[in-house]
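Sharing a structure with you now.
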Amino acid sequence: MTAAFSFPIVPRYAEVDQQGVVFHGHYLTWFDEASTAFLDHVGVPVVGFDEWDVDLQTVHAELDYLAPVRWRDDVRVEVRCRSTGRTSFTLGFDVVRRDPDGTEMPTTRGRNVYVVVSTQDWTSRELPIPLRKALTSVAGQGRNAPNGGTVLP
Amino acid sequence: MTAAFSFPIVPRYAEVDQQGVVFHGHYLTWFDEASTAFLDHVGVPVVGFDEWDVDLQTVHAELDYLAPVRWRDDVRVEVRCRSTGRTSFTLGFDVVRRDPDGTEMPTTRGRNVYVVVSTQDWTSRELPIPLRKALTSVAGQGRNAPNGGTVLP
Amino acid sequence: MTAAFSFPIVPRYAEVDQQGVVFHGHYLTWFDEASTAFLDHVGVPVVGFDEWDVDLQTVHAELDYLAPVRWRDDVRVEVRCRSTGRTSFTLGFDVVRRDPDGTEMPTTRGRNVYVVVSTQDWTSRELPIPLRKALTSVAGQGRNAPNGGTVLP
Amino acid sequence: MTAAFSFPIVPRYAEVDQQGVVFHGHYLTWFDEASTAFLDHVGVPVVGFDEWDVDLQTVHAELDYLAPVRWRDDVRVEVRCRSTGRTSFTLGFDVVRRDPDGTEMPTTRGRNVYVVVSTQDWTSRELPIPLRKALTSVAGQGRNAPNGGTVLP
């Protein structure tokens, strides 16, 4: 079981609200960037989906807030494939804050479900084989996953 | 059982991505604005929470994509109180698109869980009574709610 | 000389930074929405530009900060056509805050220069006649404009 | 004369509009992040301004569009100090795109004027000496600057 993919991100000043913490909606943008980098990392970049005449739709997104992220905090987004289905897959995201004393903690946890859709008629399609292979090779890397297999999120 | 609160919103050009649809992360901003207007509507504006030394934290947010919203579409966000708890409450959101032929459809559905926190120590607090009264008077207005009482989301 | 076009806007919670004021970058989004509404108002909606095989490019944008806008402030964006050229035109924007005591003040002033470009080759095109007519009928409505004619910004 | 400070940035999917290019308003967010990194780079991080009881206000911002930036383009923001005044200074920004064939071109140019303000009464203050020293050591690094001294933008 390999480690999760880690995506470094610098909280932007404009993302911090008047409570002094990153506004929760911006995490979906962070997750979007992290998912793009994750797919690059596992060898199936989104821009290559054109060859298969498919694209991705984010059909479900959710997040749970655990602790704040402030401006200039040292954070990263950890990405794991949580599960794969016939036409969909789920990525899990942990925003991890590293404090000056070296302690690390997840601050927000998220989960996106993506459906593969045809760019012809925008209906769902089976995961292209290279995508399925890339995802299942890394699926179930979450904390609670007993092995490297496909697990439910 | 009164009708849901309806919050009109104009999709911004900058919110539409290169697929030609509103980027999903922006719905959380829409829901945030809609929730503020909803609390105004039921008589407990957020700015008044100062008097009770409390504030709101969005501890969970989720959304399900059903259909696209494009630039210049006619949309609104319907807001309903889905449930109230001791220290938290849940609002449900439906982004409803009205097409030129008059048909209406929900396009994205969301749900936020809010916790009331002390502005002194940021730990959770019971819902102030006026807030509880305002929310329970309108709770359970969702499609599946058999009555106007407090329901689980 | 008619009054400027007034575009109401509600500052979003997510637009306010940790200094408690609207982050300056968001004004360009406000101006973009205001310009769309302005073109609707003068009878040449942007979506109709397709018929002329042209689109608009914002080639210059600038803003000057005068005073803050905070969450829940009552604001509007006033839009005026500052000048028209052969292939371009300039809109001026004033973010006006109305305080509870009724006083009004401009808080940020902006100016965008738009070029009409062909959707075929993205090079500049002359202003379509209906667009020119619509703009010159309202050009020069700024505070310093002695008449309703075309003026330099 | 040292080289300009270069700030790498990855265009976010959510920043690209339905014309397929980065929406112009986002450049102000990029410049904001680049300016923060620039001040770190020259040894006067913004968070340290607290010690001097001052903060920065962006009182003017402008940008000129030269060429598009698309999703997955390789870009950076070059930052230069254009000039320093008694209570203000100006940073210049160039968004530079590097194409696969190695050619580089500026795509958008910007300029922000910052005023140093007291955190007590929010009126302007003279540039703290360490800030002035840091800025003048790098001022005038623009293309047209004949020397390293303080120049008008």
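Per-chain residue numbering starts at 1, and chain names A, B, C and D are given in the order in which the chains are listed.
We adopt the following convention: contacts are C-beta pairs under 8 Å (C-beta built on N, C-alpha and C of every residue); 3 or more make two chains touch, one makes a residue touch a chain.
These figures come from a predicted structure and were not determined experimentally.
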Could you pull out the chain whose C-alpha mean position is farthest off from that of chain D?
B
Hey, which pair has more contacts between C-betas, B-D or B-C?
B-D
Separation of mean Cα positions, chain B and chain A [Å, integer]
25
The distance between the C-alpha centres of chain B and chain D, rounded to whole Å, is 38
Can you compute the centre-to-centre distance for chain B and chain C, using the mean CA position of each chain? Integer Å is fine.
31
Two or more other chains are touched by the chain D residues 13-14, 23, 25-26, 29, 32
Chain C residues within the chain D interface of the complex
19, 23-26, 28-29, 32, 55, 57-65
In the complex of these two chains, what residues of chain C are touching chain A?
13-14, 16-18, 20, 23, 25-26, 71
Residues of chain C that touch chain B when the two form their complex
10, 12-14, 29, 32-33, 36, 47, 72
